[in-house]
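Should a chain be cited, it is by its letter among A, B, C and D, assigned in written order, with residues numbered from 1 in that chain.
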Amino acid sequence: MYSFKNDYSEGVHPNILEALSRSNMIQMEGYGEDGLSNEAKTLIKKELKDNSVDIHFFSGGTQTNLTAIGSFLRPHEAVISAETGHILVHETGAIEATGHKVIGVDKKLGKLSSEDIEAVVKLHGDEHMVKPKLVYLSNPTELGTIYSDEELKSIRDVCDRSGLILYMDGARMGSALMSSENDLTLESINRYCDAFYIGGTKNGALLGEVLIIKKENLKTDFRYLMKQRGALLAKGRLIGIQFKELFTDNLFYNLASHANRMADLLREGIKDSGHEFDLETSTNQLFPIMPIQIIEVLEKKFSFYRWQSIDADRSVIRLVTSWATNEEAVKEFIELLKSN
Amino acid sequence: MYSFKNDYSEGVHPNILEALSRSNMIQMEGYGEDGLSNEAKTLIKKELKDNSVDIHFFSGGTQTNLTAIGSFLRPHEAVISAETGHILVHETGAIEATGHKVIGVDKKLGKLSSEDIEAVVKLHGDEHMVKPKLVYLSNPTELGTIYSDEELKSIRDVCDRSGLILYMDGARMGSALMSSENDLTLESINRYCDAFYIGGTKNGALLGEVLIIKKENLKTDFRYLMKQRGALLAKGRLIGIQFKELFTDNLFYNLASHANRMADLLREGIKDSGHEFDLETSTNQLFPIMPIQIIEVLEKKFSFYRWQSIDADRSVIRLVTSWATNEEAVKEFIELLKSN
Amino acid sequence: MYSFKNDYSEGVHPNILEALSRSNMIQMEGYGEDGLSNEAKTLIKKELKDNSVDIHFFSGGTQTNLTAIGSFLRPHEAVISAETGHILVHETGAIEATGHKVIGVDKKLGKLSSEDIEAVVKLHGDEHMVKPKLVYLSNPTELGTIYSDEELKSIRDVCDRSGLILYMDGARMGSALMSSENDLTLESINRYCDAFYIGGTKNGALLGEVLIIKKENLKTDFRYLMKQRGALLAKGRLIGIQFKELFTDNLFYNLASHANRMADLLREGIKDSGHEFDLETSTNQLFPIMPIQIIEVLEKKFSFYRWQSIDADRSVIRLVTSWATNEEAVKEFIELLKSN
Amino acid sequence: MYSFKNDYSEGVHPNILEALSRSNMIQMEGYGEDGLSNEAKTLIKKELKDNSVDIHFFSGGTQTNLTAIGSFLRPHEAVISAETGHILVHETGAIEATGHKVIGVDKKLGKLSSEDIEAVVKLHGDEHMVKPKLVYLSNPTELGTIYSDEELKSIRDVCDRSGLILYMDGARMGSALMSSENDLTLESINRYCDAFYIGGTKNGALLGEVLIIKKENLKTDFRYLMKQRGALLAKGRLIGIQFKELFTDNLFYNLASHANRMADLLREGIKDSGHEFDLETSTNQLFPIMPIQIIEVLEKKFSFYRWQSIDADRSVIRLVTSWATNEEAVKEFIELLKSN
């Protein structure tokens, strides 16, 4: 049984395992103040062409989101998110548990527009309502779609006009950046956003997300907030080492490219087999519509999620590829599909 | 410069690194529902001789404490802790950030007694004060002291009488259990406590603590609370693998024994050199009193914390040994001490 | 300028003012444990024909909602509410500030149905999402509509099946109960709900809402939670006295009847003048659609809210009547309307 | 049975009752934006000789403290308070419930000194501990003692040096200001503090405290925070009217003077009878030490709290006088005491 359920089914890229091994018995400072973590930060700043940012390592996406957002906002301030946003749906109310409302905007493709944001701001006029203060974007979104430079610029503009913080969840950032339709870079994302994170867990790390804080007043005392939320690892080196490897010799990009290439193969194979998609994506998540009959055949050899029922006979399924996806497995999947 | 600053300066025990390597490319379920995590849980239940407990893996101690305590209490309920308790001093108000007061009891040796607990309960009589509901013990304490079976039994009794939850922070549990003065076991601790955690990070793991919940009504929906606090790792296998190794062939106990043996060597050497201790301990933390003059000599070759100033000429220092402490380094330290 | 903006523009019913005066210099126990508060509780229990309930006095609706809901739920549990629910829109994220997500259901008439609730429960399946646990109804709703006995019974049934707490916000409960379309009573509401509150502020009191808790396990330590949220008044008698008066000689019902009768007059007058309503209501809130031109004329003599723009020429306005509404003012409003 | 238990046993000063009556049927704006509330604010600003402050009305002290402190601090910031501070002991963890630790300093007389504050700041050095950010003083303290101009000035200085917010709880502010030993005024208190509140409930109001915010950056969006905590009353006029009366013709000061004069009478009578005090106070709270035998006699005619047991034969009792204390009752108390 081969899994296309998600992009965290395997362990870690071998380069990272080797790096862990190499440095294993060297004594280092705790809580992320070690030399390897610092080297990783330097590499990332170089990638962003921005030495002014603050960089912090986290062990997972929910932890990053809740610590960042919970730190950036005052109690009455709220988040604007697409209804499909990870923080709104799949983090068990983690943001609300820090005291903040998440205002959902219903969007077919999982993407917010500057108009959506403006409408929410306009609707919230006085102290009987929360004050919208932070815009939460995921790129790619939870539906695999991505933001263009123009879209992001336009959102930045509305944030400037309305005094909003622009925050991007980049759990699968690698896949967005390597998408054939992408025209953003880490550098431009850093230019537009006040803070954002780059995911490691779903792109070849054992665990680890890296948060970049650009806006000056959001930086203050941030390590206090991390400690308070349980996010400072005693052996912080563990995440530092991984991001050092990921940002050495383009490993981060190469792994994401592999994931996207495997997704491309699947996409083409599915199209060739005559199936349609619920949603067009150019990243490592695919949402084809399949007859239940065929789904049942596929499920004998592959695991994946039935995403949403269309009718009695058809369902959307979700297929996810990753840095570790086996090309043979992809080909087998397509062959099985074509023979049915 | 050799460090006696803490027990998390090195990486991970080689057995664990090998196990990570061995299982690396095998696809597994996410969020701790993989086979290796389940094997680790089975090994721990066997150790506790108790199949009824719920077991959850965390990435660090603060995260474990805040998730457990925040989940166990209603909003008006409070924690009783020694004034030196880790949650009270060194977790940046993590418990308060979940909404709960920590009531401190001032104790020279860092240990609560059943009388202390009773006194706190008696003092809190009506709805104008918080309701003490959970007793927080660390074993060993932050000062390296440990609880005896009799002391723990007596605390259990007062908890039963007063309807209190008994919770133990075992960040350095291995060192307590391997202390020459210890008469507790994981089995007896599980018998006395409603919930407790066993630390991996400070005993040879890269990261990882394992929480055991025995009391039935504390188990409900616990994974929801973990997810909400950002404590469910996508690649949960990472911690499962480590505890599987630690509880195979007594590795957990052997590593702690090494740490304690290194501490014993240091302790004897320091005593032989004519220095006294601020506090007698039998675990891997030592608190000798040293002339500043000697401290300055030692600091040229070794790093450690100046813990507390005694007077202009003397200070308490803290020395910590670990699973990875080099016996040669210990000997050098003692020689340097003796030659001064 | 006469105001139809809301039902809290005047002070307090004269009976209450007299009762305050009468008891003013008598020494009483603090924090709601005085004799007059106890008398009020006895009267309310009699009204409910239920001696088993716990009764608590609050100074406002937001305070009641946040204290009750924040007390009833564990951190990962969430509220189901209509999108127009007061807690979702107009309480500045008060529920989220206690850590809980409010799941909105989009409803034209502001009313939840049992099917809506079931659908939300079904959608929330695992620990990556919050756990729906409490159903929040307002009766009348924020749009002036009311629940029937049958509807409430059906919601009770789904709550029983799904283990949900049923909570009713009765800020304007009097107006609902006195509506010509109503078939509920305080007695039947108490039978269906686990907890609910009856509003005084909007029905003739200076301030004051009374919370009734029927479900046994929700009662525990509730006064602790009230104190913690700042809801226990030192001179608790102030609210006790008011509810004693309101539940003496049907004052509560009579005041609401007057408000409804004034609304009926307005409704008929508006219909007679040929204007339509955005929403049919039978309580003290009216939502007629008016030409802007006429609105501007009315605004010279009366104050009210422009509720929602329809198009360039028309807007929905909101008119609210109360226990204190002057019949002459109503007649003048209608005359002015008819003459335009 | 005459009560010396507290200063909130009676209702409200007749002037206020009359003012309520006078304005009762006038329609006014809701939520504290009415004319009478504005008049009250103007009177208070005049008293402070400071037009720049923001003024907000609350219904009780706990609500004021939790809303103000919860609004002023970021999540990792903590409060410094005397161990006897009301927020630390008698508000059911209300501050912790907003997420903030209260650091207690053990003080015999319930008063913090600048040295205490400096010591706490010094002890909190890095991100593993909370960051002390707000100094909480009560004046008078919970033990009836008061701060002098010099003491408060010295505390202001340390706040300036350490970037701390200075906040004063003035639940019984009137009694402090009218104390024979007092050399502060509302004007000077406003000069030293960043925010403080003046209590009405314990000085002749039905309910009501008035918060003054002087420091500019603490003012932002404060009404949002009030609404979120349930502190905005729909009929906000209720508190406005009361403070308007209290700050007309020195009523506020006169009522406090009466309370203090009654306390003086009691104090002299007790001293004359040969009894000592646990604590010297010059405000409306007295803490005499009495033989149990005499206490039992007194308890037949008067109610008061047994504060703290001294030994088997003696106890400290607490006697509180108020604006409403009957001079006859005081005389009877003293006679009864002298005759025993």
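Keep this in mind: a contact is a pair of C-beta atoms (placed from the backbone, for glycine too) under 8 Å apart; a residue touches a chain by one contact, two chains touch by 3 or more.
Keep in mind that what you see is a predicted model, and the values were worked out from it rather than measured.
Engineer: Could you run down the chains that neighbour chain A and chain B together?
Structural biologist: For chain A paired with chain B, the chains in contact with each are C, D, in label order.
Engineer: In this assembly, which chains make contact with chain C and also with chain D?
Structural biologist: In this structure, the chains that contact chain D and also chain C are A, B.
Engineer: CA centre of chain A versus CA centre of chain D: separation in Å?
Structural biologist: One centre to the other, that is 51 Å.
Engineer: Centroid from C-alpha atoms only, then distance chain A to chain C, rounded to Å. What do you get?
Structural biologist: Here the centre of chain C sits 42 Å away from the centre of chain A.
Engineer: Could you tell me which residues belong to chain D and also touch two or more other chains?
Structural biologist: In chain D, 75-76, 91-93, 97-99, 127-128, 130, 224, 227-228, 232 touch at least two other chains.
Engineer: In the complex formed with chain D, which residues of chain C make contact?
Structural biologist: For this pair, the touching residues of chain C are 2-3, 5-6, 8-12, 14, 17, 20-21, 23-30, 59-67, 91-94, 97, 201-202, 206-207, 224, 227-235, 237-238, 324.
Engineer: Contact residues on chain A for chain C in the complex?
Structural biologist: It is residues 75-76, 78, 89-93, 96-102, 104, 127-130 of chain A that touch chain C.
Engineer: Which of the residues in chain D end up touching chain A in this complex?
Structural biologist: 70-71, 74-76, 98-99, 127-128, 130-131, 221, 223-228, 232
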